Amino acid sequence: MTAVTVNGQPEDVGAGTTVADLVARHRPSSRGVAVARNEEVVPRSQWDTTPAAEGDRFEILTAAQGG
Amino acid sequence: MDTPVDPLKIADRELGSRLVLGTGGAPSLDLLERAVVASGTELVTVALRRIDPQAPGSVLEVLDRLGVAVLPNTAGCYTATEAVRTARLAREAFETDWVKLEVIGDDRTLLPDPVELVHAAEQLVDDGFTVLAYTTDDPILARRLEDLGCAAVMPLGSPIGSGMGINNPYNIALIVAQAAVPVVLDAGVGTASDAALAMELGCDAVLLASAVTRAQDPVAMAHAMRHAVAAGHLARIAGRIPRRHYADASTSDEGRPDLLGPDPL
Amino acid sequence: MDTPVDPLKIADRELGSRLVLGTGGAPSLDLLERAVVASGTELVTVALRRIDPQAPGSVLEVLDRLGVAVLPNTAGCYTATEAVRTARLAREAFETDWVKLEVIGDDRTLLPDPVELVHAAEQLVDDGFTVLAYTTDDPILARRLEDLGCAAVMPLGSPIGSGMGINNPYNIALIVAQAAVPVVLDAGVGTASDAALAMELGCDAVLLASAVTRAQDPVAMAHAMRHAVAAGHLARIAGRIPRRHYADASTSDEGRPDLLGPDPL
Amino acid sequence: MTAVTVNGQPEDVGAGTTVADLVARHRPSSRGVAVARNEEVVPRSQWDTTPAAEGDRFEILTAAQGG
Amino acid sequence: MDTPVDPLKIADRELGSRLVLGTGGAPSLDLLERAVVASGTELVTVALRRIDPQAPGSVLEVLDRLGVAVLPNTAGCYTATEAVRTARLAREAFETDWVKLEVIGDDRTLLPDPVELVHAAEQLVDDGFTVLAYTTDDPILARRLEDLGCAAVMPLGSPIGSGMGINNPYNIALIVAQAAVPVVLDAGVGTASDAALAMELGCDAVLLASAVTRAQDPVAMAHAMRHAVAAGHLARIAGRIPRRHYADASTSDEGRPDLLGPDPL
Amino acid sequence: MDTPVDPLKIADRELGSRLVLGTGGAPSLDLLERAVVASGTELVTVALRRIDPQAPGSVLEVLDRLGVAVLPNTAGCYTATEAVRTARLAREAFETDWVKLEVIGDDRTLLPDPVELVHAAEQLVDDGFTVLAYTTDDPILARRLEDLGCAAVMPLGSPIGSGMGINNPYNIALIVAQAAVPVVLDAGVGTASDAALAMELGCDAVLLASAVTRAQDPVAMAHAMRHAVAAGHLARIAGRIPRRHYADASTSDEGRPDLLGPDPL
Amino acid sequence: MTAVTVNGQPEDVGAGTTVADLVARHRPSSRGVAVARNEEVVPRSQWDTTPAAEGDRFEILTAAQGG
Amino acid sequence: MTAVTVNGQPEDVGAGTTVADLVARHRPSSRGVAVARNEEVVPRSQWDTTPAAEGDRFEILTAAQGG
C-alpha cells in the first residue's frame, strides 16, 4: 500500500494507483475537477499516467460558490 | 423595455450583459439559478474548493444548464504563489484560461495586496491567462496591471461584502480616464444606485455577489441590478446635465400670464 | 427584461410607471415625444402660458397622441393667489382637477415658499383639486401638507434644474417614513443613480424634467431613467444588505486547498 | 368699439363680442384653452354668454412645456 | 495661540466668542462650569422649567459667577402660543429680551414647525424681543424670518442631539449668501470638524450643546470646539484654495537634478 | 487658549506641534516665514534642487532662523533609484537622516507608485534613514511600509494640491486602526475642517503645504490650521457623541410648564 | 383658604396670599424666577399686589439646563 | 582644461579642480549644499580630495521650497 494525503486527509492506496483512479474514487464525474500533486497541477491529460507515490499530497478540487 | 446595449468586450469575448455575478453567499442553488436568470448575466464567478461528497448538487451544473460562462477566482489566496497555483488548477478544472485574480492582504478587510498582486499578474499573463485583476482603487496600480497585460482591471468600490458602495468615486473616474482595457467595478456594491453610479463613472461593467445573494430577496435584487447597470450605462452614454449651483427653470417664464391684476391705488 | 411593477396609486388613479416626466426644456416636440415614449411614463407635466400664434405644433397634441395623462403645474407663481388662479385656469383648459402645486419664493433657487404653499394648498384642496405639492425636504412641512389633504407630497432633492441630486437623503427618508400619501421626489435629479437612490429611500415615484430634456441625448436618458426608477424600486423591495464596517467574504474559506505545502525545514 | 387687453396687449373689439368670439379670433381650436377675465377664470360653459366690457383684461392661455 | 478675532455682533451686543453653548445634557454643574470656561463662550442658553426644590445648586448661579450672558430658549413648545408665553416668562425671569425661539413640530426629530415658527416670531418681534430663531435649513424660511425682524437666523445642521453634522451644506451656504443678519448654525454638530465646516460655509457663529455636554470628556470637547470655531472662521477669512480635479505640485520641477544619468546604449 | 497637547513622537524625536508644514508654493520667503510662525509647526519640508545663483535669500536660512527642523522630500522622483539618490544627497546637504519619501507614478495626479515606493523604502531603511513614507490610502500598503521599517506612514487624503480633502475617510481610519507607527495625513487638505477631520479619524499629525501657501492669506490660513489640528486632536481625545438617526433633546421635558391651560369645553 | 394649583399640584393658601408670598414659600431667592397665573405672565413689579384667587393656576419657573 | 557638466551645463575647469573648488565657484557658503558626481553622492568629507575628471556630471544641489 502507498500512503498519501488527499485533501488534507491520510489515505492508503494500492500500488499502481494513478491520479485518474484517485479522482474516480472520490467523484463520479470528472467534469469540473482539477488535481494538484505536491502543490503542482496535474494536467488532465496526464491523470492516467501519473502514479501516486509514497507521501504524495493530493488536492482534488472543484467549483464552489464564490464571489 | 429591453434595451439593445452595445456589447462589452473583454479580451476576445463579447458579452451581452455588463453585469458579472458572483455566486458566493447564495442561500441555495435554486435561488442562485433564479437570480442568475433574473440578472441577465453571461459571466459568473466560482471558486475552487476541495470536493465535498456531501454537497447537494453543484454550482457548475447550474451554470452549465444556464449556458453562462464561468470565471474562476483565486479567492482566499494571500500570496502570488498560491494564486498562480489556484489559477492553473482552475484552468484545468473549468477549461478556461480566464481568471479573476484575487490576492488579498488581510482577512478582515480582504483588501488586495498590491505587491503580491503584481507578481501574480505577471506570472499569469506570461503563462497565457486572460487575467481580470481585482485591485484597489489606486490608479497607478491599475495602470501597472494594464501595462503588464491584464485583460481587465477590477477596482473595488469598498471591501468585499461591506455594501458601502463606492468610497472614492474620484479614483474610479481616474482609472476609467486612463484605462485602455475594460474597467469592472468589483466589490462593495450594496444596492442598485451603487451599480448605476459605477457605470455613470464610466466603468464598463459591474461585478457583484453579496449585494444579490445576501439580499432579502435575491431574485428581485438581481432584477434590480440588471436595470441599474443598464440605467447607469445609458446615462453615461446619454450625457448628463451639468451640476449647477443655482436653479435652472425647466418651465420658461415666457408667456407667463398676469394673474394679479393692476396694483390697487 | 420588462418587470411587472406594482402600480403607483395617487388619489384614485393607478399608474403603471413610477416616473413622472416634465416637458420643460425639450429641444423639440419630436425629441420630447420620443423621450416620453422611451421613459414609459404615464403622467406628464405641462405649464399654462399665453397662446403663441407662432408656436409650431402643440405639446398637448403630442401628449394626446401618446395617451399619457396631463399634470398641469403652477410654475412661476410666487403667491398663493396666483397659484390658485393658475390651477383653476388649468382645470378649465385641461379638464383635470389634478395640479402640481408650485409656489416659489426666489427666482435664483426656485425653492418653495412654505407659507404661501400651505395657503395655496388649503384653498385648492377646499376647491376640490387633487393637489400634488412640490415642497422642500422639510418633514414637518410635508406632514402639514398631507394633513390638509394633499394627494401626494413632492419634496425636492435639490433646486430645479440644478442636477445636484438629493442633497439631504436623511430628510427624504424621514418624509417617507411618516407619509401615508405617495411621496414623489421632484426636482434636482441629474442622472440615473439619483433617481435610483430616490426610490431606494422609499419614494413612490420620481418626477424629473431637465435631467432628460436637457441631456445631450434626451431619448437615451429617458430610457436610462426608466431603468433607474425600476432598479431603485426593486432594490427597495428586495431588501438590501446592511452596510458593514469590515469585509464579509462572498467566497467561503471552507474547503480551501493547501497550495503552499509543508513548511521547509 | 370696446377697448380691452388680451394677453397684455391692447385690442379693440366690436360691441357684443363674447369670450367665445375672442378665443376664436386668436386660436383655431379651443382644445386646451382657458380664459381669465380680470384675473378670474371664465368657465368654458360661460364663454358664449360673457361679453367683453370696456377695460377688461383677458388672459387666453394654453399648454406650454413645463417641468 | 489666542487669536484676536473680529467680534460677532448680534442686535446691539458684541460677543468676543463665536461659540454659543447650550447647557442641556451636562452631567453635573461642575463639569458644565469647566466646559463653559474651556469653550470661551460669552453666551449660554438655558431653558425655563418649574422650580425643583431638590435641585442641587442652580445653572443660573454658575452663569452669573462666570459672567456669561444668558440666552433663554423656548424648548419643548409646539405652538406659537406656548412659545410666546414662554419667552415672556423668560424675559421676566432673566431680565433679558433675548430669546432663542424654538417651536418644534415633532417629538422624534424636534424639527422646527415653519408655520408656527413664523407666527411666534412675528409676535415676539412686535413685543420688542430680540429673537434668535432656531429654524430649518430652508433659505426661503430663513429670509422670511429675517424680513420680519429676527436678530439672527439659526438654521440646523441636522436634528438636535443627533451628531450628524451638517446634512445639507448647500442650503446653509445659500442662507449665508442672502442673509443680512448673523447666521448661527444651531443643532446637529457632533464633533470639531462639523463646527469648523459651519464657519467655513460662512456662518457667523455656532450654537451647540450635546456635542460638548454629552462627550466623554466635556471639558476637552469644549476646548476642541473653541479651536474649531476659530479654525473655521480664520479659514473662511483666509480664502481657501480652490478644489482641483488634478494635482497641483507643491514642489516645483524647476531645478530638478538629473539623477538617472545618461541612458545606457 | 493655548492647549498643552501631548507631544507627537516620530522615531526618537518629540514634536510639540502636530502640524507639519510644506514650504512649496509660498509667494515669498517673508510670507513663508510668517506662515511658519503662525502655524506653530516644528517640522518643515524642503525639496532638493539645483543651486540658483539668482535666488533671493534661501528657504534654509529662514528655517534655521526660526529653529524648526528640516524634513527633506524626494518630490519629483518616479523611480526608487532616483528617490534613494535624492535622499542620500539630502542627508548630505541638511545633515539629517530624516526623509519624506515620495515616489510618484504620474505627473497629473502625483499619486505614489506603490511598487517603486516599497523598493525605495526598503533601501532607505537599510541605509539607516528615518523614512516618513508618503503613500496612498491603501491599508495593506501602509502596513507593508510599517513592517519594513518606516518611521511614519503618510497616506494622502487626495492628490497633492487638489484641495479635495479626504476622499476616503474609511481607508484612513483603517490605516490608523492597525498602525503602530505614527500616521500623518499628507496631501489633499484644502481647508481647516479637512485637517480637523484627519485628526478626528485618529491621525497623529497633518502635513500640508498648498492649503496654506496658496491661500489668499497664507498667514491667516496657517493660523487656522494650527487651531484645526488642535481642534481635531482634542475632539478625538474627548470622545465624540455617537451619530443618532433621530433627535436627542438637549433640553429635558422634565418640569416643562403647562402654558396652554385647560382645554376649552 | 383658597385652593389653587402650583406647578400642576393642588395647594391651599391663606386668604390674601399674593404671588410674592407664593414665590417666597417655594424658593428662598426670587432671582431668576418667573410666574405665570392662568398661563399669563405676572410681571415681577405686580407680585406684591396680585392676590391668588380660587382656582388660579400658577406656574413658578426658573432656569434649567437647556440647549 | 577638464570638460565637465555642472547642473546640466557644460563647464571647463582647471586641472586639479576638486569638488570643493567647484562648489566654492558656484556658491559662497556650503551650508545646505550636496553634490552628486555621476549620479552618486560625494560626501562632504571627500570634497577636498575628489578631483573633477573629464566628462564628469556634477549636480550641485540645495534646499528649495517643496511640499
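Chains: A, B, C, D, E, F, G and H, in written order; residue numbering restarts at 1 for each.
Simple rule for what comes next: a residue touches a chain if its C-beta (ideal position, glycine included) is under 8 Å from a C-beta of that chain, and two chains touch if they have at least 3 such contacts.
Here the structure is a predicted model, which is why all the values come from computation and not from measurement.
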{"item": "Shared interface partners, meaning chains that touch subunit B and subunit C", "value": "A, D"}
{"item": "Any chain in contact with subunit E as well as subunit H", "value": "F"}
{"item": "Centroid comparison with subunit C (C-alpha atoms), farthest chain", "value": "H"}
{"item": "Chain pair with the higher count of C-beta pairs in contact (B-F, B-D)", "value": "B-F"}
{"item": "Centre-of-Cα separation between subunit H and subunit B, whole angstrom", "value": "55"}
{"item": "Rounded Å distance between subunit A and subunit D, as computed from the means of their C-alpha atoms", "value": "92"}
{"item": "Between subunit B and subunit G, centroid-to-centroid distance (C-alpha), Å", "value": "71"}
{"item": "Euclidean distance of C-alpha centroids - subunit C vs subunit D, Å", "value": "34"}
{"item": "Where subunit C touches two or more other chains at once, by residue number", "value": "22, 24-25, 47-50, 52, 73, 75, 85, 89, 109, 111, 160-161, 164, 209-210, 213, 249-252, 254-255, 257, 259-260"}
{"item": "Multi-partner residues of subunit A (at least 2 other chains)", "value": "7-8, 36, 39, 59, 61, 64-67"}
{"item": "Pairs of chains in contact (touch as defined earlier), listed by label", "value": "A-B, A-C, B-C, B-D, B-F, C-D, C-E, E-F, E-G, E-H, F-G, F-H"}
{"item": "In the complex with subunit B, residue positions of subunit C that touch it", "value": "1-3, 22, 24-25, 40, 47-50, 52, 73, 75-77, 79, 81-82, 85-86, 89, 108-111, 159-164, 190-197, 200, 209-211, 213-218, 220-221, 223-228, 230-235, 237-257, 259-260"}
{"item": "Of subunit C, residues touching subunit D in the complex", "value": "22-26, 32, 45-53, 58-60, 70, 72-73, 75, 85, 88-90, 92-94, 160-161, 187, 209-210, 213"}
{"item": "Of all residues in subunit E, those that touch subunit C in their complex", "value": "105-106, 109, 111-115, 118, 136-141, 143-144, 158, 164, 167-168, 170-171, 174"}
{"item": "Residues of subunit E that touch subunit H when the two form their complex", "value": "249-252, 254-255, 257-262"}
{"item": "Subunit H residues within the subunit F interface of the complex", "value": "7-8, 26-27, 31-36, 39-44, 59-67"}
